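All chains are identified by letter, namely A, B, C, D and E, in their written order; residue positions are counted from 1 within each chain.
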Amino acid sequence: MSDLFGHEPFWVVGLKALLIFVILVLYTLFNIWFERRVVARMQHRIGPNVHGPFGLLQSLADGVKLALKEDIVVKAADKLVYVAAPILATIPAFLAWAVIPFGPEAKIPFTDTTTPLQLTDLPVAVLYILAVTSIGVYGIVLAGWSSGSTYALLGGMRSSAQVISYEVAMGLSFVSVFMYAGSMSTSEIVAAQSDTWYFLPLFPSFVIYVIAMVGETNRAPFDLPEAEGELVGGFHTEYSSLKFALFFLAEYVNMVTVSALATTLFLGGWRAPFGIPHVWDGANSGYWPVLWFLGKTLCFIFLFIWLRGTLPRLRYDQFMAFGWKILIPVSLAWIVAVAFIRKLRSEDMLDQKTLIWAAVVAGVLLLATFLVPEKKPALRQAQEPQSDSPEFDAFAGGYPVPPMPEKVDIPKEARR
Amino acid sequence: MTVYTPILVLGGLAAAFAIFSVGIAPLTGPKRYNRAKLDRYESGIEPSPLPEGGGRISVRYFIIAMLFIVFDIEIIFLYPFAVAFDALGWFGLVEMFIFMATVFIAYAYVWRRGGLEWD
Amino acid sequence: MFTADLPPITGPDVEYSLIAPILIITAAAVLGTLVEALVPRTRRFGVQAAVAVVGVLAAIGDTIWVYQSLDAVKGGGHSGRGQISTEGALSVDGPGVVTWLLLLVFALLSFLLFAERRLEGGLSAFTGRAADAPGSAGEAEATAARIEHTEVFPLASFALLGMMVFATANDLLTMFVALEVLSLPLYLMCGLARRRRLLSQEAALKYFLLGAFSSVFFLYGVALAYGYAGSFELGRIAVAVSSRTGSDTLLLASIALMAVGLLFKISAVPFHSWTPDVYQGAPTPVTAFMAAGTKTAAFVALLRVFFVAFGGATWDWRPTIWVIAVVTMFLGALVSIAQTDVKRMLAYSSIAHAGFLLVGFAGAYVGTTDRISSVSSVLFYLTVYGIATIGAFAIVTLIRDAGGEATHLSRWAGLGKASPFLAGSFALFMLSFAGIPLTSGFIGKWAVFSAAWSGGYWPLVVIGVLMSAVAAYFYVRVIVLMFFTDPVGDGPTIAVPSVLTTTVIAATAAATVFLGLVPGPMLDLAQHAGTFVR
Amino acid sequence: MTEYITLSMILFTIGAVGVLVRRNAIVVFMCVELMLNATNLALVAFSRQHGNLDGQVAAFFVMVVAAAEVVVGLAIIVSIYRTRRTTTVDEASLLKL
Amino acid sequence: MILTVMAAVPLLGALAITLMPRGQSSATAVKVVAVAASVLTLVLSLAMMADYDVGRGGYQLTEKHVWIEQFGVHYALGVNGIGVTLILLTTVLTPIVLLAAWDDRLPTSRSVNSYLAWMLVLEGLAIGVFSATDAFLFYVLFEATLVPIYFLIGSYGGPQRTYAAVKFLIYNLVGGLLMLASIVGLYVVTSRQGDATYLIGDLSNLDVSTTTERLLFLGFMAAFAIKAPLWPFHTWLPDAAASSTPSTQVLMVSVIDKIGTFGMLRWCLELFPGASDWASPVVITLAVISIIYGALLAIGQDDLRRLIAFTSVSHFGFIILGIFAFTSTSTAGSTLYMFNHGLSTAALFLVTGIMIARRGSASIQDFGGVQKIAPILSGVLLVAGLSSLSLPGLAPFVSEFMVLAGTFSRSIPAAAVATLGIVLAALYILLMYQRTMTGPLKEGTEGVHDLKPVEVASLAPALVLIVGLGFYPQPLLNVINPAVDEIVSHVGVGDPAPKTPTGLAQQTEGGEH
């Protein structure tokens, strides 16, 4: 962590904050456009191409249009909360960016001041991000609740349940990163990745994080809170005009946030991709790292869009089961494995080569499991009654008879 | 000026923006009264009266909330351990295994007893 | 940045062998949870009971071993045994280990009661599914399917764990955590009665709300103590108190607030209001466990906090304890006279006994090697009280009518003729509660009174004996009812228990007589434990 | 530093009064949680004052305990609610002195 | 050892009875076993007398074992002359009582087994109480006697039995618990001076402050004053006596209540001589009030049992008066009085018990002219009554005379007022006799037939002793005197009651308190 954090002149802080704000807003406008274009391509359409070059100004135009729409506050709403909810959703989305590192220390143009390309850093930066992003959930839940509408309420409830469910897996995926980096400060985590980006040694963590981040941001295929087929618009059904725009903005900023966090924790942060530093010394200094950083982030954004373009929405129970019954145990097991391996490594009881071979074998085995045919559910159902109780013949002796009391099926709870 | 001050600055900016947006919306947009507009939206039909107190919400949500709390706590304790992992030596490893084992047992219990089902 | 001035992190030292009894109980509780998840329902109850009982037995054995291996230490002119372990979190000393032993024995007896299944026609005393509304179809269905909440065993084990840690915590934070670990399972267990579900649920709610309220007071006291001394460790607080470094207001507020939390747990007046409701509503085996265990653990913790941490401020808190002791004895004894429900009566009796225990505590007599100190007298009293209480509640489970336990006193009329053994045992427990000689209760009373007098509080002793007489009145009333009154109507049925409950009643009755006739060994144990190690 | 302690005391008092005055179990329960958080504030403030981290660590433990308490408390309240359709403390009055 | 054996025999007998089958068929066997146990105890007590060296004084036949080391408590037994006398009283009366209880009609559904067992338990405990030389042991046994009596009254008494039993227990428990406070105090006091101890030998040389001594004394005294019903703590006795069977009455009033006066003599005077002296004016006053009050109320009673209970209050007044007069004559008289009162009251209770059982009523008004149809009965009642009013030639006379004689040398007003009690005694006994036995036969009294041989047999020993000791009390006095002399010299007031300035000062000081 740079010693400069917390000791910079106010104007530097102000400038950096403003820049982050502007970048985020612009990036969001870009992302909306980007999403529409990519999805359109995937669907063999063209997408927005009228306003501005390549239709780049389309999002801005949409924003202005929203501002000119009527601002409706529904009668059943709890007014104060209803108005505060979008604000509450927006602010935390921006706040997380205070600790995201865009690059190393650089000189501010036209001055002699050098400053890290990061607003500030904390010893518990990642924890801070987790904390701040979860405040955003309040915005969503309160929006759903205060609207006084069934759809909105259901959306809010679902959203909160979903976010907290996937937050567990997300939080667990960080543990191995902290173990490797020995710190929770974002800049130190990036510094610790100067040799290897963590997505390689901690690949399972990376995968878990990526899945969880999609769930966290309520994006397809996990976009159940605003499943338009079931809930119309979910928590923001009753919102219109700029209030709606704020939710929209928050969602996209959150996407960028989780992508940036993924970049920071697993993809070496602002470091130039493999090989580039070897051929070009300047790649990791000055303002270039910002480029690498945004580039990596954009990859994740593309992933989001790609997922949306290809995968259908999950059923809610499937979605929850996936989070609770697969992500969490896998995360726990993985943490144990990482802790154990790392300990063995530091005690020199395990060398790199063995480890790599073990990883390869594990990977092959994992792939092999995909070849095992799935159990047919129909088969299972056919077997079930027999295992539970002797078969009941409803027509004993040719007449319909009710079952004897002891033959009544034991309730499902009882078997657990 | 501490490391936390910049967060306030950024937060202030974001808050100003959000409040400004919410505040400006009624001024920029038109105002055309229509009773239906002010009603709850229920896919275009006459909205049914809301039950007293917001109605009942599936207990599943509460269970999920409780489970989340339990696991979030586990995470809270895992983080310091992870950060200090190298310094704690074998003691840390073993203790943390035991800790995780207990949590995992609780998890297994919840799973077995249907706490994770959504039906 | 404050990362710079942090000391380097090193792994802590943990004396595993010393705290092994705690670890064994933890393991048993965790194993119980696992059993809950893995063993099929039909065999679960037996396995759970076995796990809990075996765990407790193992812990008892280990506790004895630990006790024998405690080293004697001299400090401040008093002798104690044992040492501070686990980086100052626990103080495995003589009184602490003896308390472990007590708690484990109480738990063993209670677990046997938990495991009793003959009284409800093959089902335990706990509801099948706590989540079902009372009287609902779901409940009937669960009963028909013979579903049982076997979780009581792991829950009780966890509560036991909390009690054990509570009694030996050497650091206020550990103490608070232990307080919650012991309370939370009990809150739940209170709501699990099979019969009178509504009453039981209400008891759980009341216990929970008031318990949480009081533990917050305790916690705030802890925070203020930390503010005063800059540490949670009792020893360091003691140093700060004796040098009077901080503001007196902070110290006094801290003492007062912590006292509220602790006095609540031992149900001293005016923090007693939960006791009758909870004792009445909870399933009787749980009541037995709670009455004996919680009181023991909380009282030892109370002594530890006040003697070790606030020992330098004795003159600030003793008068208050004095008054509370008197009020508690008075109210407990007086109100119990008006009770018509056996469980409520025992609850008020428990309040009265808290008062008598406080008499011993108010003496604040440190003692010498060959004299009864406050700590050893209280330990002895807790032993006899706990044993008699479990025995009494065990008998309550057996007197039944169509609606479950017949707890109304009028239903107990003429029990002496119907079942001389049960009535005789119950009378024995009553006599012990009343402090009649040749029962253990008498020796206990003697011990606490002598501690109070040794501490210079002889007027308290006089008040104490007068209150004993008031208390004796209602115990005697029960005996009158059982032996001298003829039953109304056809009287209650006396359920035939399995060997489990029979064992408990026989063992507690035998112990009550034995400790009355030959209190020497137990007194020796309590006295030999010495003072708290700081 | 005293300001924080004062604030914490005020919060604690508000919570305590809330517990004593309010009749709804959930509100009472939330007041208890408020008191817990007031304690946390005091702990952290004292920690700062004494310059050691014990208080902050304690705050962590308190949070954990608070969470566990929430779980147990909600379980009990929900089970009562299912029977009574109300969470008012006064209506739970089968047990009288 | 013999003391332990003596206490154990009745207890074992009780155990045996409890284990025997219940019901009508085995009732006779049960009674035989009970009487056998008590007779065996009587024999043992005579053996004890043989062992006891009358001239030697001090505690004899002692035995001592550590009981509760931590409290300094010993299982220590030993007897001096006073103890021997009261043990004899106990062992003599118990067989009589058990024989008298042979035909007792118990409330339905109560078994005779536990009735007799409780009585034997009481005998065993009483022997223990009279021989305990450890204060703690004494206290334990003293309190333990409450339980048998409680059950004897509560289970087998009359219509008011529950009330009476509870009242009895609570009164005595209050006293006992106050004594417990003092017992605790003794521990604290002795352990401060070295090793905690409760042995009477160690305790009698206590070095404590005057205040502490007085407080401890008050604790003991409270228990004994309630037990030996001293006005105004006597109110439990008439109720208890009126609600119990004759056998219970005898055991309670003749034996167990003696523990009160015995305790004053042995524990109060030996342990706290200074405090006893300090309190003596108050105690003497109360004792005198007891004498008069008991006698006056006895006159007004209609219930035979209550009448006898009040006469006992009066008699106990005499005993206490004698004890606190601190002269060897009066104290020896009191000890002898304890024995004699036991005999005469036993005879009274038993004979009235027979009358009540036959008439079905305890009211004096329901009797009249009984002597016509039951001459032996009336004769026995007359002898018992006359002994109760201390007719010369009957045993109580000697003791009452000694008490008064001793008291005169100490306090003339007290003795003078007490003498009035004798007059009143004549009044209540003779009035009672006149109303019940003389005059025309009352209607409904026809059923009161004369004594059966077994009843005569059971009453005879008591009557023989009353008459015998009336003429020749010396054997008992020989036993009593050495012990009494020791106590009186221990109190240190001196025999001829010197009116020294210090003594006066102490008395005035006591008056202020």
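Note that in this section contacts are C-beta pairs under 8 Å (C-beta built on N, C-alpha and C of every residue); 3 or more make two chains touch, one makes a residue touch a chain.
All values reported here derive from a predicted model rather than from experimental measurement.
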Chain labels contacting chain C and also chain E: none
Centre-most chain [mean C-alpha coordinates]: C
Interface with more contacting C-beta pairs, comparing B-C to C-D: C-D
Longest centre-to-centre distance from chain A, chain (CA-based): E
Centroid distance [mean C-alpha coordinates] between chain D and chain C, Å: 25
Between chain D and chain A, distance of the C-alpha-averaged centres to the nearest whole Å: 33
Centroid distance [mean C-alpha coordinates] between chain D and chain B, Å: 20
Cα-centroid distance, chain A relative to chain B, in whole angstrom: 13
Two or more partner chains touched - positions in chain B: 3, 72, 84, 90, 111-113
Residues within chain D bordering two or more other chains: 68, 75
Touching two or more other chains - residues of chain C: 1
Interfacial residue positions of chain B with respect to chain C in the complex: 3, 84, 87-92, 101-102, 105-106, 108-109, 111-113
Chain B partner contacts - residues on chain A that touch it in the complex: 5-8, 10, 13-14, 16-18, 20-21, 67-76, 83, 86-87, 90-91, 93-95, 97-99, 119-122, 127, 145, 147-151, 153, 157, 160-161, 164-165, 167-168, 171-172, 174-176, 178-179, 182-184, 232, 237-238, 241-243, 245-246, 316-317, 320-321, 324-325, 328-329, 332, 335-336, 339-340, 342-343, 346, 413, 416
Chain B contact footprint on chain D (complex, rising order): 60, 63-64, 67-68, 70-71, 74-75, 78
Chain E contact footprint on chain C (complex, rising order): 370-372, 417, 431, 434-438, 442-443, 445-446, 449-450, 453-454, 458, 461-462, 464-466, 468-469, 472-473, 476-477, 480, 483-485, 519-520, 523-524, 527
In the complex, chain D residues that touch chain C: 5, 8, 12, 15-16, 19, 25, 28-29, 32, 35-36, 38-39, 42-43, 45-47, 49-50, 52-55, 57-58, 61-62, 65, 68-69, 72-73, 75-77, 79-80, 82-83, 89, 92-95, 97
